[in-house]
């Protein structure tokens, strides 16, 4: 199977913007979290199940580039894909685009671990993942 | 015409919850803002237009009752309706329900003014509104 | 003893504002939560202890009036006080003022319950509270 | 002069945490923004002045590593310093530590531009900066 990917839609609300007149840098990370959550669900990690098992995908690193600002009322698309599977970490990449003008506004990479709470112990990734998505076991391309 | 009303859907994300294990009280107000924004659009106030005209609907009062908590992964419906039109203020009411068990989790009323920024001057409401939505000119029922 | 009260200081950050050029209505509730947390600590409810006992003060109702907007960089003072003690609920009141011009920007009342998580069971308030703060057992004045 | 640096203090509030029981990854970026704002003020960029001139330091890239989680009620210290001055960009680095156990919880680097709003035009950095803080004109060390 190709590596899992998803797409989510956002509309920029007042609370996403700041007095510079554009979307605040932190707000994009909420957009990305929503996409990441959908992507995790596609990979078999459902939110409700997490609440029960207390096994959570935890962000261990974020890299985010802000290229163009989004504005109040903009309709945005967030695209996310599994990019890399390692022994105990997996990488996702995201981009936020504005269909109205085709601009890629934001690029983001996140590295995640599976952590058993409340102890906070990182787990090995399920072996099934590498078998299912061999594309993601090769090193990521910049 | 009956007073305008809308319905929006939310799925509870990690960033909506707190370490009490339930949705944080402030997060519901983001859900309600999204519904309010859709309702404002139905009433003719579009986000993108606001950014241009700098005429904004501004919340002047919120009353919110938290009756039952929502949990990670819950699918929620927010229902909003125009409730009251006065000379310079209008009232909206909202409820957040969880279809899975039919619970009404949150009830909220907000009073808004139309404010011309950056001066911050409140405007009279458009006269057309009262003509269009006579139901909303009667006093609100508790 | 007089009813417990506290004062906290805030400086308005970018993330507190929106593209209307002023502080977003939701951001004030974060300021108030910080004050409420200090007030709870004065009343004997320490954050770290809550994390251990899972007994949390939970907001069951908020009323908030937005009178004047705060701006980027404003220095604000939040004043909070215990206002009312009932059998299973207690009320707090808050005001947010801007010392630079003496304006009272926001008034807020919150009603809280003590809830044992994860069951979500409301507890009776400690009897000691009424004995300690008799002022707060009389009905609140508007 | 040595490159400017600052230190800010935070106490973890409920709204900073999520139902995993720890501070949410996005919340640390609010802590860092507060530190960045103080650091910008030390460098001569005052919030109130920005609101007037509409010349804003804008984050163009964030890298953040989450090493250990913070918990409700934790007292944290955020340390920030100017790290790098280029023609049109400047870099800051931050770390979040927990004095109680000496743990470094979070490491972060941000790259910023000076942007004139509402046009969104990036400006050259003031020449005075390089003269004042020669340490920051050398390439950053990992």
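Labels A, B, C and D are assigned to the chains in the order they are written; within every chain, residues are numbered from 1.
Just so we're on the same page, a contact is a pair of C-beta atoms (placed from the backbone, for glycine too) under 8 Å apart; a residue touches a chain by one contact, two chains touch by 3 or more.
Small disclaimer: the values here were computed from a predicted structure and weren't measured.
By residue number, over half of the contacts seen at A-C repeat in one listed pair from A-D, B-D or C-D, namely B-D.
Interface comparison, A-B versus B-D: the higher number of contacting C-beta pairs is recorded for A-B. Taking the mean of the C-alpha atoms as each chain's centre, chain B and chain C sit 23 Å apart. Put simply, the C-alpha centre of chain A and that of chain B have 29 angstrom between them.
Once the centre of each chain is set as its mean CA position, chain B and chain D turn out to be 34 Å apart. In chain B, the positions touching at least two other chains are 14-15, 19-22, 26, 30, 33, 51, 71-72.
If touching chains are joined by edges, the resulting network of the protein chains shown connects every chain directly with every other. Of all residues in chain A, only 11-15, 21, 30, 33-34, 37, 46-48, 50-51, 71-74 touch chain B in the complex they form. Those residues of chain B that touch chain C in the shared complex are 19-22, 25-26, 29-30, 33, 51, 54, 56, 58-67, 69, 115, 117-118, 120. Chain D makes touch with chain B in their complex at residues 14-15, 17-22, 24, 26, 71-72.
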